[in-house]
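Labels run A, B, C and D following the written order; every chain starts at residue 1.
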Amino acid sequence: MKTPVSEYLAEILDGVRDHDGGDVADYIRELAEADPERLGVCLSTTDGVIYGAGDIDVEFTIQSISKPFAYALALAEHGRDAVLAKVGVEPSGEAFNELSLERGSGRPLNPMINAGALTTHALIGPPGSSAEQRMELFRDGLSRFVGRRLEVDQSVLDSELDTAYRNKALANMLRSYGIVQDAPDEVVRGYTAQCAIKVTLRDLATMAATLANRGIQPETGERVLSVPLVRQVLSVMMTCGMYDAAGDWMSTIGFPAKSGVSGGILGLLPGQVGIATFSPRLDEHGNSVRGVALCRRMSDDMGMHIMSGVSPARSVIRRDRVLRAPGGRLVRICSLQGMIEFSGAELVLRELSDQERPLSRVVLDLRRVTGVNDVARRMLREALRRLRLDDLDVTVVDPGDMIGEVGDDLPDLEPGVQEADDLTQFSEHRRV
Amino acid sequence: MKTPVSEYLAEILDGVRDHDGGDVADYIRELAEADPERLGVCLSTTDGVIYGAGDIDVEFTIQSISKPFAYALALAEHGRDAVLAKVGVEPSGEAFNELSLERGSGRPLNPMINAGALTTHALIGPPGSSAEQRMELFRDGLSRFVGRRLEVDQSVLDSELDTAYRNKALANMLRSYGIVQDAPDEVVRGYTAQCAIKVTLRDLATMAATLANRGIQPETGERVLSVPLVRQVLSVMMTCGMYDAAGDWMSTIGFPAKSGVSGGILGLLPGQVGIATFSPRLDEHGNSVRGVALCRRMSDDMGMHIMSGVSPARSVIRRDRVLRAPGGRLVRICSLQGMIEFSGAELVLRELSDQERPLSRVVLDLRRVTGVNDVARRMLREALRRLRLDDLDVTVVDPGDMIGEVGDDLPDLEPGVQEADDLTQFSEHRRV
Amino acid sequence: MKTPVSEYLAEILDGVRDHDGGDVADYIRELAEADPERLGVCLSTTDGVIYGAGDIDVEFTIQSISKPFAYALALAEHGRDAVLAKVGVEPSGEAFNELSLERGSGRPLNPMINAGALTTHALIGPPGSSAEQRMELFRDGLSRFVGRRLEVDQSVLDSELDTAYRNKALANMLRSYGIVQDAPDEVVRGYTAQCAIKVTLRDLATMAATLANRGIQPETGERVLSVPLVRQVLSVMMTCGMYDAAGDWMSTIGFPAKSGVSGGILGLLPGQVGIATFSPRLDEHGNSVRGVALCRRMSDDMGMHIMSGVSPARSVIRRDRVLRAPGGRLVRICSLQGMIEFSGAELVLRELSDQERPLSRVVLDLRRVTGVNDVARRMLREALRRLRLDDLDVTVVDPGDMIGEVGDDLPDLEPGVQEADDLTQFSEHRRV
Amino acid sequence: MKTPVSEYLAEILDGVRDHDGGDVADYIRELAEADPERLGVCLSTTDGVIYGAGDIDVEFTIQSISKPFAYALALAEHGRDAVLAKVGVEPSGEAFNELSLERGSGRPLNPMINAGALTTHALIGPPGSSAEQRMELFRDGLSRFVGRRLEVDQSVLDSELDTAYRNKALANMLRSYGIVQDAPDEVVRGYTAQCAIKVTLRDLATMAATLANRGIQPETGERVLSVPLVRQVLSVMMTCGMYDAAGDWMSTIGFPAKSGVSGGILGLLPGQVGIATFSPRLDEHGNSVRGVALCRRMSDDMGMHIMSGVSPARSVIRRDRVLRAPGGRLVRICSLQGMIEFSGAELVLRELSDQERPLSRVVLDLRRVTGVNDVARRMLREALRRLRLDDLDVTVVDPGDMIGEVGDDLPDLEPGVQEADDLTQFSEHRRV
C-alpha cells in the first residue's frame, strides 16, 4: 500500500491551480520576476516525516515568515517580559507596513507588523551588534529549526536594500521613540538580510513541525524553543500572523500561521503537524491566494480549526465495576482509556465521589491510558490521596507510569497507594 | 471521597481575593452600587455538571457577555455570509465603544465592539421588529443556552437607557451608512434590554458549556447552535472578546472568552469545559481584575491554553504484529488505541505502507480506540481500500463502529473488507 | 451714467456659466431636484447698496452658511471664553461630517464642522430650550443681520429630519462627552431647522455686509454684533469656512467665507463689501463649483485677498515745512493726509523726531486726514505730548476731530496743545 | 522729541517678563542650554527702519522660521503648481512632527510641518543636489531677504544631526511615496543645516518687512519675491504657521506668523510692518510663551488683526458740488480724497450715476487722493468713459497721475476726457 497523504496533497494542489487571481509582489525586480505558477504544499509530522506535492524543493526568500522565528529568538534571549516592554501582542487592524505604534509609548503593537519585526530583530544579540552579527545569530537560530544551514539571497537583499525606505522610516521612528536603540540603518540592513534567507517548502514545514512539536526539532531531537515560548509565538501568529486578515483567517481556517510576500505560508496544528504552502500570487492583504485556498481546504478536510475542539471525551472510563473479594469486602475497579485531560479527569473524580456502597478498596486501572496532561495528573493523584484518607486501600495499575511521573511541584504518590502492573490479583473477585 | 474540583475553585478564589485593584463601573447608579467584593467562579462540564465557589447564584446583568450569543442567533437566522456582509471579524485594536468601522463600507470591524453588537442585535428578527420583539427573540434564544427562562433587570435597563448616548451615536452612524436599516433608537432600546438580562455564574457556565459541547446544551440535550457556527462564534471571541486586551489574553490565557462591564467573564475550552467568573472590579480595559486573574490561574493549572497542544499522540498504535496463520500465510494485526486524529492516522498509514514481507491479510483492531475524527476516518478507510487493491484480505475489528459510520460523503466500507467483533479467530496464529 | 458694477457682475456670471462640473447635493429629494443651472452673484456695500446679477431673489435653504451666524449668536450670548470651552477654533483637516473631536475633551475642533455647529446651536438660549425655542432665537438673530423676517422651508426640514442620522450620531456622541447637555434629538431638530431657513442672495450679501461693516447692519444701522466678536467669527470663517479646502481657498481667494450644501457661498472683505454667490453644482469638498470660480474671479479683479496688503502708505506726509514767524521764531508745519495707521504714524513720529533746527513751535495739520486708527491716534497724541515736553508750542489743526476723540483709555489732549481750525494764522510766515 | 516706538517696545517687554511658564527645548544640548531669560522684540518698517527692545542682536538658530522662506524659494524656482503637486496648503490639525500626509498621494499637508518642510527643502536646486549645494542655495536666498550673509551654527547642526531620527523617518517615508526623489539622509542633512542658520531679531524683522513690503527688501530695494508668491507664502503662514495652535493664533492675534523651536516668532502686517520676537521658553505647542504674549499685545495695541478691517472709507468723497458756469451751463465737480479701493470707487460711481439735473460737464478732482488700487482705477476710468458716452464734457484733475497710469490691460484715458492740473478755471463758477 502506498500512503494516500501525498496523493491527497497532489489532489488539493490541482484543486487550486485554476485560482489565477492575485499578483506577484513587484516592488523589487527579483520578486516581480517570480514565476506566478510556482505551486507547492508540504506537511511535516511532529516526528519529521515529510509529505509534499508540487514545488517543495524550490528556494525562495523567507520574507515575513522569518518574523515569528526572530520573535522566538528574541524571547529566548531576553525573556517574555523584556520583549513585551518593546513590542506588544495586540492585533493592529492595520496593514503590515503601517506604523501601528502604541500611543504614548511608541511600542509597536505586535511583532508581525514591520515596525514590530524591526524592533524584534534589534533584540537579537547584544546592543550595538552589527547587521552581520545579528544576521548570523538569526541564521544560526533559524537553522536549528530547519535542521540545515540556510543561505541569504544576495541579489534579493541588494534590491530590497535599494528600496527599503519605508522600513528605514519605521526604524528611524522607532529610534526616535527610544524603542530601538541601535543605529536605524544598521537595523534595517540586518532585518532585510533576515528576510532574504532562502528556504524551501520542506524547510518551512520542518520549522512549523518544530513549533507543533512543542519546540523540539523532529529530526535532530534538539529543543530549540521552550514550551512557554512556543505558546507565546503561536499566540501571536494566531492573532497577528495574516496581516489585516487575521480575523478572517481565524474564523475560516483557524490554525496559527504566518505568510510572506514571496508567496509562502507557514502554519501548524499544535501537537499534530506542520504545514507549508507556496504560490507567489498575492491577494490585497499580501497573502498568497492559492496558499490561503490550500490552507482552507486542509483545515476543512483535516479538522484543523483550533476551535473545532476534539470530540467530547466521554469514553475515558472504559469500565467501572464493584467486585466482591473472596473475603466479602467490596473492591471497585475503575479502568480508564485514551487521552485524559481536565474533562476526563473530572469525570473520573465525579464517579469515584459517587459511591454508595461501603468499599474497602479502589483500583485505578490505567493500562489503556495513552496520555495524561498536567491538570488531569494532578486531579487523579489528588483523588487517590483522598480515597486513601477515606481509609480505603488504593491501588493504581500504571505500567506506563502515566501519573507517576513526578514533576518539581508534585509530591510522590501518597503513601499507602500501591502500584501494580496488572489486575490478575483480582481474578477471583466476583462482580456484584 | 469528595471531588477536589470545588475545593480547587475555592482555593483559587482565596488566591485572588487580595487583588483590590480596579473599580466597579460607575456610569449608572445600579452598577456603581455593585458590591466590589462579590466574587465567584463556576465550571460546567460538557455533560452539565456544575462546580462552583463563591457567589455563583447571585444575579447580575449579562452586559457584553450577551454579544457572542446575539451573534450566534444572528448567524443561525441569516447564515454566515449575510452576517459577514454587515459585521466583520477583524480585531479593531480599539476600545469597545469606539466606532471602529471599516473604511468605505462602514461595516463594524467585529461583533464584540458596541457598533458591531448593535448591528448584530438588529439582525435578530425580521426588519422592522420592535425592541420588544427583538428582545423576546434574544431572550428565547439565550434561554435555550441557559436552560431556564431569563429575566430583564428593569432598573438597570432604565438607567442604561437614560445614558445610552454613545450607543445612540453608534446606531445613528450605522444607520447613516446603511449598515443598520431599522430606527436607531429602537435598536438601542432592544440592545440595551439584551444587555440587561440577569444571569448567575451558574447560567454563564452552562452557556459556556453549551459552546464547549459543540452547540448541544448539556442538560436539555438540545442542539442550540450548529457546529460550524459554534466555531465561528468561538473564533471571534478568541480574537475580539477581551476588548483591546485580546492579544494579551490570547498569549497569557489562551481560551476563547468574553467579558462584561458588570464584572463577568465567560470562557471555555472547546470539548472540555465551560467557565465563568464574577468580580465587579474592572481594569482599564473594562475586564474584571480578579476574573482575569482567576482565568489565568485556571489556564495555567489546567493546561487550557489553546496553543498548548495536546501531548503528541505517539502511542496510537498499541501493537503491530505479523503472525503466521496455521496455513503459513502471513497476517498483520495492527491494534490502535485512544483518540485518532490526523497525526495518529498518518502514523498508521505510514506503518501500513511500510511492509516488506508478503502479507496475505491485514487486520485493523480498533477495539481500544476511543474516538476518530473525520479526517482520520477518511484516511483509515482509504488505507483499507488501498490494502484491498493490493489483493490483501482486509478485516477491521470495530465493535464500536468507529470508522464504519457512514456520512453523506463517505462510501460504505469497501467491498471485500470484512468486519469483525473480536480477534479470537487469530488465536492460533503465531508471532513471526 | 449707469454704474458699471452690475455689468461687471453680469459679465463674470457669463464667464462661469460653462463650468458644468459638479453635481447638486442628492441626499434629500428637495436638494436633488434643485435646478443645477441656477446662478447668481450679489454684492452689498457696507452702507447697504446691493448690486447683483442672475438669480439674486430666488430662495434656497441657508444650510451651513447658518453656522457662522449661530456662532455669532452663541458668542454674543455667552462670551468668547464660555463658547471656546465647548467648541475650538482649529481647522480639522477633515470633512464637515467627520467627528473631529479634540482628543480627551471631546470638544469639536471648530464651529464650522457639523459636530461644532450642533454644539454651537445648543448654546443658543438657556439649557433645556426646545428646538422651537432655539430656532426662534436663531431666526430672530439672523433676521437682524438680514433686515427682514426669514422663514423655514418646512419641506426641506422634514426631509432632512428623516435622514439626519449622522447628525443624530454626532449629537449623541457630544452628549456622551458632556459637550452638549440637552437632549441630542432636540438639538438635531433645532439645528436642522436652523439650516432650513430660506434666504436669497440679497439676504446673504446683506448678512455679509453686516460683518464687513464691523457688525452694524447697513440698512437698519443696528449693531448686531460687537467688533471683537465680528473678528472672532471672521477668523474662524477664514481658517475653517470652506470645509477641507480651507487652505486652498486661503491661498487662492483669501477672504473669509462660508459655503453651504444648497450651493450658496457667503464671503466678505472686512470694511469693504459683502459677497454672495449661488449655484447648486458642488465639488468634491461640497463647495459650489461656479461659486468658487466667481469668488476667485472677484478676488483677483478686486484685489480682495486678505494677504495682498494695501499699497504702502508712503504719502501720509503731504507736506512738512519750517517757516519763520514774523518775530523770527521757527515754526514747523507738518500736514498729513489720507488714512493713518501704524506705519503712517510711525513715519510722522520719525520725521518729527528728526529735527536739527531750534524750533519754537510745531503745527500738525490734519485737515486732509481721512481716518486714524487707534494705534496711530495713540502714537500721534504721544508725539504731541513729547513735543510739548520739549517746551515747544504745539498746535493741532484738526477740524474733523481726527485725533481728539477721547476714548475711555485716552487722556484729553495734553495741556498746552492748542487746537485750531485752519492755518490762516501762519499766512505771514515765510518758508525757510 | 524722541520717537515713542522703542519705548513702547521696552514697555511691552517689561509686561511679559513675569511670564515664566514654558520650558526651553531640550532635545539637543545647545538648545537645552539656551538662557531662558533671553527676551527681545523688534519691528521693521517697510522702508527699513528698525525699532527694538531687549536682545535684538543675539544670534540664535532660525529653526522652523526657515520654513516659509524655503517655501518661497521653492515657489520661485518651480512655480506654484509644481510645488503644490508635492506639498499641499491645508492645515493638518496635528503637531509639527506628525506625518500628516494626504491619504493616497502621500503629499504632506502643508510646508510648515516637518514632512512638508523636508519636501520643500528637496525642491531647492536641481534633483540630485547635495546637502551642501541645497544649503548654499537656501543661504543665498535667505541672505537676500535679510540683506547680510548668514552663517550656520555648526555645533547645533552636529547635535541636531545626531538625533534627527524623526526627520529621517519622515524623509524615508516621503521617499517611499515618491514625494521626495533624492536620498533621504541627504535631504535631512540639508534641511537640518537650513534650520541651523544663525539669525538675530534684527534679521527676522527685516525678513518679515520684506514680506510686508510685497517682496521688496526695504534696505537693498531688491525684489526678492514676486507679489503673487508673497501672497502664497503669507496665506500658508496664516493657516499653518503656528503648529497646531493656528486657529487660536488666527482668532486672537490674527497676522501671519511663523515660530521656531529656538524661541523666535516672525510675523508681519502686510503693507505695514515686520515683527520679530525672541524668548526660548516654549508652550506645549512649541511656540514661545512670551513671544505669543508680545504678539498678542502688539496685535491688540496696534490693530494688527487681519480681520479687523480698516475703518469704513466713508469719506472718500471730500466734496461734490454742482456749479453754474458763467454761460449758465451746469458743471459738477466731485473731489475725492485718501486711498481709493473698491468700496470707495463704488461710492463715487454710485454718486455720479445719481444725477437729476442736466449737466454739461463733470470734473473729477483727484488732487487729494493718496492712492488708487487696481479695481478702483478700472472703475473710475469706466465711469469717465460712460459719462463721456452721455455726451458730457469730462475733465479729470489728476496731477499725481493717480488713474492715468496705463497698465498692459488698460486703454488710454478715453478720448474727450481732458486732464487738468488745478481747478482755477472754475473759479468764476457759482454754487447752485
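Keep this in mind: a residue touches a chain if its C-beta (ideal position, glycine included) is under 8 Å from a C-beta of that chain, and two chains touch if they have at least 3 such contacts.
A quick note: this is a predicted structure, and the numbers were derived from the prediction, not measured.
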### Query
Going by the contact rule set out at the top, which chains touch both chain C and chain D?
none
### Summary
So, in whole Å, the Cα centroid of chain B is separated from that of chain D by 68
## Note on the structure
dist(centroid_CA(chain A), centroid_CA(chain B)) in Å evaluates to 20
### Task
List the centre-to-centre spacing of chain A and chain D in whole Å, with centres computed as mean CA coordinates.
65
### Task
Hunt down the residues of chain B that sit against at least two other chains at once, touch-wise.
none
### Query
Who touches whom among the chains?
A-B, A-D, B-C, C-D
### Summary
Touching chain A in the complex, chain D uses residues 99, 163, 165-166, 168-173, 175-176, 184
### Task
In the complex, go through chain C and note every residue touching chain D.
1-5, 45-47, 49, 88-94, 100, 109-110, 212-214, 227, 230-232, 234-236, 238-240, 244-248, 250-251, 254, 256, 269-273, 301-316, 337-339, 341-343, 346-347, 349-350, 352-353, 355, 368, 370-371, 373-375, 378-379, 382-383, 386-387, 389-390
